[in-house]
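Each of the two complexes below includes chain A, the first together with chain B, the second together with chain C.
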Partner chain A sequence: MSAADVLPSRSATASRQGEGRRLVSTRLLASELRLIGGRRRNQAGLVVLAAVPIMMAIAVKVSTPGPGDGPDFLSSITSNGLFVPFAALSVEIAMFLPLAMSMLAGDSVAGEANIGTLRYLLTVPVDRARLLAVKYASLCLGALWGVAAVVIPGAVAGIALFGTGDMTTLSGSQLGFGAAVWRLVLASLYLSAGLAAFAAIGLFISTLTEQPIGAAIAIMVVNILAWILDAVPQLGWLHPWLFMHDWLAFPDLLRDPIQWSNLLHGLGIDLAYAVVFWLAAWARFAGKDITS
Partner chain B sequence: MPRHDGGMRIFDEHPRARWAAPVAAAAVVGAATFTSSHLASADPSLPHRSAAQLLVDVQKAGLTPLSGTIVQTANLGLPELPGIGAAGGDSGHGTTSLTSMLSGTHTWRVWYASPQQARLALVGGTGETDVIRNGKDLWVWSSSDKSAAHHVLSQADQKMADQHAPGPSSTLPRTPQEAAQQALAAMGPTTDVTTSGTASVAGRSAYELVLKPRDNRTLVASVRIAIDAARHVPLRVQVFSTKIANPAFEVGFTHVDFGKPAARQFAFNPPPGTKVTTSDTGPGAAAPKVDAQSKGPEQVAPKAVGTGWTTVVVAHLPSAAEPGTSSPGGADQQLGQLQAVLKALPKVSGAWGSGRLLTGTLFSAVLTDDGRVAVGAVAPSQLYAALAAR
Partner chain C sequence: MSTVADPGLAVESAGLTKRFGSQLAVGGIDLAVPRGAVYGFLGPNGSGKTTTIRMLLGLVRPTAGTSALLGLPVPARAGEALHRVGSLVEGPAFHPYLSGRANLVRLDAADLLADPRTTSQRVDAALDRVGLLAAARKRYRAYSLGMRQRLAIAAALLQPRDLLVLDEPTNGLDPQGTREVRSLIGSLAADGTTVLVSSHLLAEVEQVCSHLGIMREGHLVAQGTAGEVRGTGGSTARVRTEQPEEAARVLVELGVEKVTLGSSSVHGVPGDLAPEKIVAALVYAGVGVQEFTVSTPRLEDLFVQLTGEGFDVSG
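Let's look at the complex of A and B:
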């Protein structure tokens, strides 16, 4: 998609609502989401995200893994199809989902700077802070989108292949189908919040450069670095402060009753990262000379 | 340049001032965390209570209905001991959880309604091990291998189990209640018992009881027990070593609720697809011990040297575990692993003989080449003296 396709419609929508003083303008957001959703590479990324749970479901159907084989939840899939999205989330949360966020966040500012559309975007009478807010809101929705691309195909494939029996919690109790779906929705929202916090770091890095590929790689490096630090036991004091540390607490939603402590801590950390790094992005972007 | 309203003009004149915003946000987060943890540990003001009064309070209170989360941390300074957990064979949960408790941090969830209704869950990662007592039923559920062990307690077992907290008894305290009782039993003329003001544990005000060994040769610097001011339930036990500043062993509530847990917390029906093993006898803690004793009928009973905090226990190892001897059987591989660990320990020798030395933060142990073992909460030199005295 070329810059010329995008520009006229966006500057038109932006100028039409110039008098509105909402922080996030819905029309600018809608055009941003159209831009993200229309990119071929993003569509391909969604296909990859969705392929993993489907492949897992088929692999389990073909050969039943014993307890302890493969990633978490895999051996539980045969008893309830809803374990497919849980297993897929536990596999994709370390690498694929953050990679997808890195691509989106890298594109969001550095991408526009790179193809020269950023300066045109800034000629419309929209405050830079509001533009950045729209950019970040679109990344948050992108996080939700990415998680949904894992969960919904996974749930559909799992239910089609394994049915909807009662779900056995980690505590050994049984959940009905409705309650199990509710836990899955909570897990999806929790991980989306975590990815949205990660996207704030990405947005900041994206304002530092005009190279979207470089920004995406740098964002991914931050993610991998955090996972490495989290694996070093000598840095135990640091672990609760790493943005991804509490992502792995989402299985706590499958206990009976739900164990909230780590999840709430995780949400607090998410909020702190989102606020600090969005403000850092603003500090950089609002005072930046746009030369390209 | 984009349009700005008046408040933003300062940033046009001083562009770098914008960086104050993220820095301030980070500072607020840091300050909020610091104050909340600082406030949590700030001493609440409570009327003074003597150590003796507190002990009476605790004994009177007994076990009250509660639910909560317990975090237990051990810095015993031990090397990794692979395979030792499986050495107990299928005698079950007791061995594995005991071994896992020797190092690192572990989280437990507890529900306690009455001696007949209690549930203890070890949570971590995507696994959970539950011990559930409901009337005459005792269930042990393990999510990792989807297995459940069902014990139907006989009358005698029930009576015995009612004396103690649920779950397998072990040398390491598992709940604050159990830990406090063990510490109180160990006290005597050897210990200074004082109160050191108050503390805040799991958001509740608590008195702190401090036990200090009078004998300064022990590795135990002090034991601090936090006792809930209103409910008189021990909320936290910390054991400090003379070697490190942080507690060498700590078990305490991070969250506690004194409401009676709902009955459904204690109902357990094995989910479909579960391997259920049933036994009519309770998993009496004594059973595996008797078993271990009968292995070596020729062995001499363990001997205690010294008194109080500096007691050193000298014992003979069961012959199968003696270094150098190999026994045929399934446990051989685990023994081999254990021996590999032993070989990695530093070699020591003296007038008492020679062997391998294990030094932890709270205790030391010597395994001699002739199959004796000496353990105590003391420095190695006292272990040598105890071995030589024999």
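Let's look at the complex of A and C:
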């Protein structure tokens, strides 16, 4: 086969240059999502995330909750199935969801460096800032994905087992089903934002190494350290500035009216962490020698 | 430090240097790859070829010096240049759980200039060109080393290129595959593409190269057209005679360098001296010349002479 059969002629090169580059393309992001979604490991992770609310719903159904347990989510489940995803979120936000984010974020840059595909992406060429932006966007969508894997199966299992009665808010008033679903959507978005901020820390750590597992462990260590620091009362001055401190404010969405102050503070902290650590990742990655 | 931007050169560098800590990987090299050339970038393992290529492609920042691809300085305008450069750097690297085809589609998706409407067609054409179409849907992890190498070459051919940078393209290929890569390089060059091909195996690339650059321990010890580089080794004149001492004296008087005396012969490097003058001088001095030969060294001998013979990798 001659060269002319396969490759466009030289004039094609010229016209290709003349086309004018597109500034934005979603193709790489779509490719990233396919890569993340296609990995067996990530699929297994989603199954684990989804299994927790289903197990909780079944456990509550088969046992009769004793009286006097206080107004926690678990004891409220029997009145409204939508409490299942809320309860599951409060259980998974400390460990499982950050663990899932750690795996994805650890893989983001270090994974590509480890198998050497990073050098081929960069010589395509993909601008380094663009690569980090796409990687971060895919992590943000991954956060939404992870939360959805908890909330949707949880809601389905809860409604199937406990029905859709009025939801009693933490303030004691009653919410209709539609309003309750809306509160659940807000809670999901709020925690996804928190996980996305956490993912920015992960993205930065992932630019420091070529070992994705090492990066994932380091990211998880950051999460655990934050929870430990948050549990030390003597460090009270620090608590409002920990990225995860306001995650636990998401039940404020179940008050009537919604108590926004902690939630807004939490979103501000999320934004600050996302910007600072994305920029740190960029500062590290922009001039890094790619020797893998 | 001089800057570079000669539009006649596809690849150019001035004083390009890279240190990793205290280790000098590349020590100030001045590459010049003319457009349309097939440039053989030769040197033993660890001589700095790959680090040089990484600097040329903007993957590694030089400690000192400058370089340009297709007349555009790197890394400042690397983005513009790299769209017209296909590259294979230090072996293939792809996602193991994706098929060969899916890996190429991913690289194409990353290219802002690539037309998504023609992706499928271009991917198939590139796979076909390297003879991998039949295995396109197999997972990459199931590929043999030779198939992986072919896939990496296919990735470099996804777009029409003005320059191909191929680092050890024949690694892991069987003799048949090596021959195919050679003929592929030849056909691309015939098409007008400049090719920079590195190898530690001289015989693999010698036949297709119009230009050569030879690296040793981070330095470019020879560079030029294949003919010029062969010439730098210097041809050797050999006289077979019954009077070697007498012949040696004549040769030294003529200015022949490195004259060495054998039992019935004399060697020397004649430099610019015309062979007929040497013979005439010998005969005039009464030396019985039984045989006189001037030989150009084989490239392989030259390569060994320039890069050292040892098996050990240079630290």
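In this text, the second predicted complex is superposed on the first by the 261 of 292 C-alpha atoms of A that agree within 3 Å, B and C clash if a C-alpha of one lies under 4 Å from a C-alpha of the other, contacts with A are read in each partner's own complex, and residues count from 1 in each chain.
Methods note: a residue touches a chain if its C-beta (ideal position, glycine included) is under 8 Å from a C-beta of that chain, and two chains touch if they have at least 3 such contacts.
What you are looking at is a predicted structure, and each value in this text was computed from that prediction instead of being measured.
By the touch criterion stated above, A:Leu28 is placed in contact with chain C alone, chain B being left untouched.
Shared-chain residue A:Gly214: touches no atom of chain B or chain C.
Of the two partner chains, chain B and chain C are each touched by A:Gly287.
Legend: residue contacts after superposition of the two complexes on their common chain; A:Gly38 is shown touching chain C, with no touch to chain B. Legend: residue contacts after superposition of the two complexes on their common chain; A:Gln259 is shown touching chain B, with no touch to chain C. By the touch criterion defined above, A:Leu122 lies against chain B and chain C together after alignment on the C-alpha atoms of chain A. Once the two complexes are overlaid on chain A, the chain A residues touched by chain B in the first and by chain C in the second are 122, 125-127, 287. Against chain A, the residues of chain C that register as touching in their complex are 54, 57-61, 78-79, 82-85, 87, 89-91, 93-98, 105-107, 109-113, 115-116, 125-126, 128-129, 152, 155, 157, 159-162, 187-188, 190-192. For chain B in complex with chain A, the residues that touch the partner chain are 2-4, 11, 15-16, 18-19, 21-22, 25-26, 29, 69, 109, 121, 123, 125-128, 130, 141, 143-146, 148, 254-255, 265, 268-274. Chain A makes touch with chain B in their complex at residues 67-68, 72-73, 75-76, 79, 90, 122, 125-128, 165-166, 168, 170-174, 248, 251-252, 254-255, 257, 259, 261, 272, 275-277, 279-280, 282-283, 286-287. Per the touch definition, chain A reaches chain C in the complex via residues 1-4, 6-10, 12-13, 16-17, 19, 21-23, 25, 27-28, 30-31, 35, 38-40, 115-117, 119-127, 287, 289-291.
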